[in-house]
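Structure below; questions to follow.
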Amino acid sequence: MRVISRRIGFYILTAIAAVTVDFFIPRVMPGNPVSAVIAKMQGAVITKATIRALEVQFGANTPEGLWGQYVHYWSNILHGNLGISTSNGMVPVTTVIRGALPWTLGLVGTATVLSFVLGTLLGVLVAWKRGSWLDNLLPATTFFQAAPYFFLAFLAIDLFAIKLGWFPAGSARNTLDFPALDWTYISDVLDHAILPALTIVVASAAGWVVGMRNVMITTMDEDYVLIARAKGLPKSRVIWYAARNAILPSISSFSLAVGFVVSGALLTEIVFSYPGLGFILLTAVQDADYALLQGIFLVITMAVLLANLAADFVYVFLDPRTRQEA
Amino acid sequence: MAIGSSTHLGADQPSDLVPPGADPLTAPGAKSRRSRLRLPSSLKVLIGLGTLIAFLLLAVIGPWIAPYNPTRTFSTTVSFPQPPSVAHLLGTTQQQQDVLSQLLAGGRSTVLVAFVAGLVATALSVVVGVTAGYLGGLADDLLSMLANFFLVMPALPLLIVIFGFLPASQGGDDLLIGLIIAVTGWSWGARVLRAQTLSLRRRDYVESARIIGERGWRIIGFEILPNLTPIVASSFLFTVLYGVGTYTALAFLGLINPNHLSWGGMLFYAQVAGAEQSGYWWLFIPPGLAVALLGTSLALLNFGIDEFINPRLRAAGLTRRRARRAGLPGAAQLPRRFVLGLTPVVRYTPVTVTGGVTASHQPDEGGSQ
Amino acid sequence: MNAPLLSGARAGEPLLEVSGLCVDYGAGPGTVHAVLEADLVLHRGEVLGLAGESGSGKSTLAYAITRLLRAPGMITGGSVGYHQEPGRVVDLLAADEGVLRVLRWSQISVVLQSAMNALNPVFTIGSQLTDVLRAHRPGMGKAERRARAAELLAMVGITADRLDSHPHELSGGMRQRVMIAMALALEPQVVIMDEPTTALDVVTQREILEELMELRERLSFAVIFITHDLSLLIEIADSIAVMYAGRLVERAAATALFRAPRHPYTLGLLSSFPALHGPRKQLTGIPGSPPDLRQLPAGCVFHPRCPYVMDRCLTERPPLLQLGVNGEWSGPGRWVGAGADRAAACWLQDGSVAAPPELARPAPGVKQPAGLVTSAEPAEPVVPSAPATRSQP
């Protein structure tokens, strides 16, 4: 499993780098973040303690040197302290994130996996039925690839929620209801989740379709697929022969695209007012809640790294050539 | 936006990155051969090219052909966006500004930022990728690690943090925005180019150039780079596409100076006005559609380049439709599309059961399979 | 489960008959005529060698026969008949998907040049051996299939523990052996081998060929052996067909071809490789290069490179002339009926001119295809076709 341990090492390094980047950005940018935050906090109570806390957070006006601040920053993170969220009533950032994370994981996680599966299957189909009318779908997929996620979200809401009234137009659930683990609650959640999930799936599946189709076409040119035909194997088996090989590069590109898909999904959440990370990201931006911003960035990065790691595991599992056997 | 290019990414072996067997970069005697400019033949490429040129034109002349000043407010009493009318073909925003003018003028910054990002990112990816591939060893390891780092890091969140901390005054400089976006978008191209350079470096003509003592940069410039042109072109288009989407997203989030006109900014204001909830479709459909169409044209062009790089992706074999178009006899005998393992038979002579076959052929004994 | 050794009347019967086969790549202007009017017959248990340079159309011909040719190839004429049983001929060109699927591998199988490419890298060897069993022998249970797969591996000298290995874990020679075992899984009647040993080193080459011949003795299948290495064919083939620029230019029993060629191209090929023993001689080779298949020369397709070219060759294309077993022209007309005899597509052989002596040597005691019943010809002693005695070309 040397491959996996190398990858894990790389991810750890990347995580460290991400934290470092997160540390440096407020200190490198022109302008004074502390005053910017304060400017945005009109109407809230600003005590000396608050200002002090902000200064510590952004490294302004502190006796510690840069290295000291860096170490301090790390120790905070490892203790689960991501700072104070100024736009959410001075609660810890971790609390805010913890409230939003499950929604995002549920929606984005499911939608991403679903879109990968659907897109890949469709890609295999288009590749196998090459030369048929399905090929005309491909230029259409470029439109969906190019259209911003949030634009599709707008369209979806306008069409399905407003005009047709099939689905609710936003938020994750009927906020008046008390969350309980019963069917009404769950079905309500699902009802609210369908449209955003659909948007994410449609926006991202196009990429998988084209990618998988291209790899499939190249794979079908391989000798072993010809041999599969020559063996008189049933068609489904031949397709499986090819697809089982073609999926490997797709999984690699999944790792890379996860970042994109997650970003797009966050934007979709915003349009749907879905109370996930995307939504609180927007408020963090608008209210200059830098601590929250940094915290969300870290969380998203870690999630993407984990997804990459998972994809790497799957790749090694599926491709016997990467394993080192006796 | 998801990745949808044919050049798949897997392990760092060059063979994994270039589709196996498809090596159009070599032909018998291919030595420092510049890839010839082929006229695009497929419909989708032509449409893509045409649309792109239209958008480029728009970027240049947009603000001049706009009917009104995009920032001019037409009324201070009305507070709702007005639907399209004769005076305002695409309606007005909540601030009573003409949407059409904004659309035409906003194209410039979007196109500019995207192309700046594309150029800088492509230049970076060429420098890093080719250097890593050519030098190998420690330099390669370090550069690859750098590229991988940027590859894995989710771009948009990073950009959000960067732009979030950027003071608003800077957030209106197209060049700066393009540069910052480029910093996050070069890594994919670098990886592909590195792999391709690695494989080219082992070619005989490059080896012989090194042996006779040609300087490294000359080899890179004259032997390697010309062969990388299609990949660089594809990478450029892809990065521009990425730039369009990212810039629009950043503007949509309000991270770009709101006074700086762009399509993403229009979408930001649409969101602020609650456009989707209230059905003000003219606020978000025109800019969104513009972004989508610009992106589509780039993606279509990329299709064409993909097919050039990997000839297998072009339509396989002779389908019935093409044969008919070419006016070939026996076209009706061809299957509608080519099926692997079932070689089409245009004409054949049936076998007689006695085991012997008559010598003369009967042409046009129609048989199809 | 071994097929009974061929004996008596069944041996030597026609198995695969190809008549006038034409294969093109593409259509319209720029069409490549890869194979033009190929005639050949494969008999039961025969090893037919298909020789020629790269681009001569030999692989194209073989794949076209089984409809395995890739795009943009298509068959534009001729017929292919497979004699499954006496009196029952399957028209391979008219066959639909279902017929072909049943026929494939159980009757006709294929071995490719590069086993690394022909074996699916993500599946185990065992599964690649058993999938044909699952597709064609539905009655077999899982354990039975695995046992049969182990049996097949043992046949080519590989231990059964390799059933769970993947192709990349085996050496080149082992992979090739696996391919051969795979091809024989259903005990087909015909095995088409496309340059099966070209990618291997000479030592492994020899080993595999010997194993192959042994297996053939045991299971009595016919082989179409495609290669550019004529010297190889002299050893293992019963009869040889030489192709040039898409046309069959000569067809003969192996020793006869070797000792008494009738076509200038064959003569050129034979003079291109040195003998291991005997006096040193100058290698001549064949000057020039093969033609562009999109623009074949008029008349005889070989005439630009032929040292014996006549005026007639420039304008008239010589058909594949039937020559008697002793190498004489047996009358006007082209190949009629079944039976692998001598044939050459050369105007020198039609009796109108005297052929040069090197193209008119007497045929040695011709080794007939196994069990072929010839007409009224006294059985001549079979001369062993060992290459060691190549001192008298």
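Letters A, B and C mark the chains in the order given here, with residues in each chain numbered from 1 onward.
The criterion applied here is as follows: contacts are C-beta pairs under 8 Å (C-beta built on N, C-alpha and C of every residue); 3 or more make two chains touch, one makes a residue touch a chain.
Quick caveat: nothing in here was measured; it's all calculated off a predicted structure.
The touch graph of these protein chains is complete, with an edge between every pair of chains. Of all the chains, the one whose CA centre sits at the greatest distance from that of chain A is C. Of all chains present, the one whose mean CA position sits nearest the global mean of protein CA atoms is B.
Inter-chain spacing, taken between the CA centroids of chain A and chain C, is 57 Å.
One finds 48 Å separating the Cα centroids of chain B and chain C.
With each centre defined as the average position of its C-alpha atoms, the distance from chain A to chain B rounds to 22 Å.
Residues of chain C in contact with two or more other chains: 68, 70, 100. Along chain A, residues 221-222, 226, 229-230, 248 each make contact with two or more other chains. Shared interface positions of chain B, i.e. residues touching 2 or more other chains, are given as 316-317, 338, 340-341.
Within the complex formed with chain B, the chain A residues making contact are 10-11, 13-14, 17-18, 21-22, 25-26, 29-31, 33, 36, 129-132, 135, 138-139, 141-143, 145-151, 153-155, 157-158, 162-163, 169-170, 203-211, 214-215, 217-218, 220-222, 225-226, 229-230, 238, 248-250, 252-253, 255-264, 266-267, 270-271, 281-282, 284-286, 288, 290, 293-294, 296-297, 300-301, 304-305, 308, 315, 322. On the side of chain B, the complex with chain C involves touching residues 316-318, 323, 326-328, 330, 334, 338, 340-351, 353, 355-357, 359, 361, 363, 367, 369.
By the touch rule above, chain C contacts chain A in their complex via residues 66, 68, 70, 100-106, 109-110, 112, 114, 117-123, 131-132, 135-136, 166, 168-169.
Chain C makes touch with chain B in their complex at residues 14, 17, 19-20, 24, 26-28, 63-64, 67-81, 83, 87, 89, 91, 93-97, 100, 333-338. Of all residues in chain A, those touching chain C in their complex are 221-224, 226-234, 237, 241, 244-245, 248, 318-321, 325.
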